[in-house]
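Below you'll find a set of structures to go through.
In what follows, subunit A forms one complex with subunit B and a second complex with subunit C.
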Partner chain A sequence: MDEWRAPRDRIRAMHTVVIAGIVIAVLLPAIPLVIWSLSGGWWFPRLLPEQWSLRSWRYLASPASRVAEATRNSVIIALATTAVSVPLGVPAGRALGLYRFRGKRFAEALVFAPLIVPALAVIMGVQVVLIRAGISATLGGVVVAHLLPALPYMVMVMRAVFSAYDPEYEQQARSLGASRWETLLHVTVPAVLPGVVTGALFVFLISWSQYALTLLVGGGRIITLPVLLFAFVTAGDHAMTGAVSLLFLAPALLILVVSARMLGGRSAGVSGLEGV
Partner chain B sequence: MIRVGLEDVTYTYPGTDRPAVDAVSLTAEPGELVALLGPSGCGKTTLLKLIAGLLPSDRGMIRFGDRDVTAVPAERRDAVMVFQNHLLFPFMNVSRNIAFGLTMRKRPSAEIAGEVRRMIALMRLEGLETRRPSQLSGGQRQRVALARALVVQPQVLLLDEPFSSLDAHLRDEMRELVLSLKQSLDVTIIFVTHDQEEAVLLADRIALLFDGQVQQAGPPAQFYDRPATRRVAEFFGNRNLIAGTLSSRGASIVKTNYGHFAVSAPNLPDGPVWMSVRPEAIRIAPGDQPAPEGNNRVPATVLRRISMGMRIRCRVALESGVELDVLITDPDGTHGTGGSPDSGLGMPAWHEPSRTVQLQLPPHRIHCFPRNGSEGLAETQLRQ
Partner chain C sequence: MTSRHSVASARPALLLAPALLVIGVLFAGGIMLALVQSLGYLPALGMRTLSGDAFIAVLTSRGFLRSLGLTLWVASVSTVLTVLFGLITALVLRRRLRNSRLIRFLYQIPLTVPHLVVAVAAAMLLSQSGLLSRLLFHGGLIPAPAAFPELVHDSAGVAIILVYAWKQIPFVGLVALAVFQSVGDDYESVARSLGASRVQRIRHVLIPLSLPAVVPATIIVFAFVFGAFETPLVLGTRFPSMLSVLAYRLYTDSDLTRRPEAMALNLVIALIALVLVALYRGATRVFSERRDG
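On to the complex of A and B.
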């Protein structure tokens, strides 16, 4: 049993770091945002606003603010990025985590390069391709751009999961009478599911928070929450900035709760997440 | 119950040059318990996976009874493998683990529940039905793994080092369980082990593998009395090997550096041979007394001795350096009771270290097997 311990601890440590990071990064700055969003006027050196107002929340709800459109775009793009990343990232992670093959180091370097090379550095080249393909300034084009920074995270999580996974479980299932598909469904999927969910949450959040890539590839026609938020920040509208920021933070908080439940509770896996 | 027949089965792992299983032919009779024995890396687990259908053989044929299963996938082979580290599905409780094979066979749930209950009773797992594998002890996990395999009533049960992860006490318990299962269930069992004692204890027949090849196959006693090669003899802890040359003009004689030995006619051509003789077959007497009756007498010097309760194991050296183990079953019987003051073991002094003794090797207890011409001579020279 000892051979399972090391990877499990590693994954658990990874989770703890991520959760702690999210708590500090998300919850603390959220407090002034709430105050901002409800302020009518708030100037230095006052500790609290002189006037309170619901103006920003009313404007947020009106079509003129384009918040509804931006939210819808953000959700669609993040979900689509996740939907593409999972089927690409799981087999890639399995290959890198389980198998030894010629050129593995090169493949790893290629897959993880976007973690080191800023996407902005290559996006102009990508943009040329997207324009040729006729999907620049479309939701699809933005999704392709978001895959650049998002996919490596999916592969990274799945590689960790599969490096702690024993493929003999699949042989055991076959020997007990399960077909290839039944083995996938009843053994492999339940074993790696917690890892897939973790990776998918990562990818969703990375896509959700993209600003520059969306702006460049979307050409100003694809409005997402970060794009809108930046507009309000540059306009100096603190109340709107606060309100949109809170909306922007909502899925992060939701994911924090979901993954905390997954970590605290009954999730288990051959992946080494058992008992985490 | 079913006969398992392997013919010329060969498998090479992709990316390697040497076959892991090399032209293995082997038969397990219906209801037999066959041990695949060998050091780690000898290909025994690979062979088990080939029989289970988890690896495709490159060459050869695997038969279950009259049925050629060589190309049949694992899930339709009617042979279930139990892996070394139990591999219970951690996201399922005990009952669902045991039910797995029946669930995959789409049996009605009432039947599954009944069969699972039966296995839980058989394996004495009552009260653990809803536990997770992580909440079980090592022995319980191994019993669940066995239950999960047996519930589908396979014709062939394949066990990969099933007891090696258990402590000594549990191991004995599990061995007895397997023996009783073999009697109560109609199943042919092939199991892999690196432990020669375990193979002897459990198996009806042993196949000893080195480097992917079967060195010798037969009932356990054969490996002690009639090893086929020097490696086989040494694997079974037989260190009593004497190099010589067989010549059968009239009587069978083996010529060695220590004289000529009469042997009972071996079914061998003349030429270089090893003589092997079990420690308990060698007769020993004090050096100052008349030698025991019979031919094949040779003087030796005691090097050291170990008391094994009622018996004493002596390491002795022949004049020219070859060392033999001798078992004294009646240490003080006819040879007086002169206890040695310094031994502290109450052992008579005549077989004390550095004493000279007389050995006699009964011809009918000497087993000869072929020797590679250069083998054995070099080390004799080294010892001298």
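On to the complex of A and C.
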């Protein structure tokens, strides 16, 4: 073998191994979920079920499974969390991304801390107030709890968006005679919209994926998809666990596709923080 | 740059107020309420005397020390794996991602998959009757499911570590990739023209350049695992359990007088996490000063 070429070939082989590793590692967890969801019985040591069945998917669609209720609750909670986080998060992100002012470091620390300190530990303290206010074990109470991880994430995303934004355009529009409203509509909004939409999608996803806070505040009375999924895990029903997992997973993949389109190939989800 | 306004704080304060109010009430309020309750003040339960007993009870209990040990172990090992594989995959992908949208999409998938789903899939793959064990059995490598190592519900938290590494490798990878892309190929070509080998270029050029972004990301990764809840709930043992799970168990204990202990534990968790926040901000500042100076 050519002495000079040998390492280059080895490097190429190494790259292929790493890429193959990534593909396998990412797809591997989906395999048992899909197979279990279609199994009627699958005992050790069989590699494939001895019996295939659509039982879990049929049960998923039937009212008895509470999947419809859980999906509806998950969607309502995630939409409400997003609907509060976006209008509060966008201006706050603008303030942190565009301006220097006194107390900025403190404001940033207050926004950043809830992204790192486990929300469960904090909301456990708040729970006593939610109970007294009579909103514990309600959809509204769960939304309040979800705001703790979601809103700071939205602020951080918008901070990143606005620190790459040039407000000179707004001043130029104003000096050319545009009203405040026209400037907002035709200058600011188009410039930051992809960031707002991406942030909103990920805030939706943070709420959608949330199990701990829903369990704590919902107290088992608010059934969302992860709460239902956990019930099937505890019951040891692998077929239903697989099916509900796939249903629960679907919007996450959809959001990734949409945000990849929005950002034109740049990476989603890292602009603020991982967060989910 | 003209765009960074230094203005009287009225306008930014107005923009910030609603969000800061909500975050402040929930976050600072939660911590204060946890503090009050940890000192034993729970009028709803008829407890009104203040004392530090709950802290003593928590900090000296065997369960706490074992849980803290497990939590630090799981967080450290998964962080090391995450950073190692995050950097390896970023180095390999840095030239490819521009061309392959499919690989880019696949690489980002773990970021959006809920932890609960990954934990469930990990149990199906890694338990003693799981898919991996079945494969080894068919390959004649193990005679029975019991011969497969205990990776799920084990005291070392192997499956929990793997779930977090799986979830977070692309996070560190994308942070490193963003750096590699922003510095371009110039430094590398200079190093190459000076005769640096491939390994030297990675070790002395690419890795040091990525550190200002990767070190803060590492702290975030550690902090996320530190607060893990649903993953250890699915994949962990009952004893020792990770700290968040232990706090939740104390909180939901049928003996309501254990509530102060749950709150004391929450404060310990929050305090450790706040130290991580300070480290993060310190690391960001140190690196940005080094870059500017």
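Observations on the structure shown:
What we mean here is this: the second predicted complex is superposed on the first by the 235 of 276 C-alpha atoms of A that agree within 3 Å, B and C clash if a C-alpha of one lies under 4 Å from a C-alpha of the other, contacts with A are read in each partner's own complex, and residues count from 1 in each chain.
The criterion applied here is as follows: a contact is a pair of C-beta atoms (placed from the backbone, for glycine too) under 8 Å apart; a residue touches a chain by one contact, two chains touch by 3 or more.
Here the structure is a predicted model, which is why all the values come from computation and not from measurement.
Once the two complexes are laid over each other on the shared chain, residue contacts for A:46 go to subunit C alone; subunit B is not touched. Once the two complexes are laid over each other on the shared chain, residue contacts for A:182 go to subunit B alone; subunit C is not touched.
In the superposition on chain A, A:174 contacts subunit B only, with no contact to subunit C.
Of the two partner chains placed by superposition, only subunit C is touched by A:260; subunit B is not.
In the superposition on chain A, the chain among subunit B and subunit C reaching more residues of subunit A is C. Of the two partner chains, neither subunit B nor subunit C is touched by A:243.
In the superposed model, A:196 makes contact with neither subunit B nor subunit C. Contacts of A:166 after superposition: both subunit B and subunit C are touched.
By the touch criterion stated above, A:223 is placed in contact with neither subunit B nor subunit C. Residue overlap on subunit A between the subunit B contacts of one complex and the subunit C contacts of the other covers 166, 168, 268-270, 274.
Residue ranges of subunit C in contact with subunit A, taken from their complex: 2-9, 11-13, 15-16, 18-20, 22-24, 26-35, 37, 42, 44, 88-89, 92-93, 96, 101, 103-118, 120-125, 129-131, 133-135, 137-138, 145, 166, 168, 171, 174-175, 177-178, 198, 220, 223-224, 226-227, 229-230, 233-234, 244, 247-248, 251, 262-263, 266-267, 269-270, 273-274, 276-277, 280-281. Taken in their complex, subunit B has these residues touching subunit A: 49, 52-54, 73-76, 79-81, 83, 87, 89-91, 100-101, 103-105, 132, 134, 148-149, 152, 158. Residue ranges of subunit A in contact with subunit C, taken from their complex: 7, 11, 14-15, 18-19, 22-23, 25-33, 36, 44-47, 84, 88-89, 91-92, 94-96, 98-104, 107, 109-126, 128-129, 131-132, 144, 147-148, 151-152, 155, 165-168, 205, 208-209, 211-212, 216, 226, 229-230, 233, 238, 241-242, 245, 248-249, 252-253, 255-257, 260, 265, 267-270, 273-274, 276. On the side of subunit A, the complex with subunit B involves touching residues 166, 168-169, 171-179, 182, 186-187, 190-191, 268-270, 274-275.
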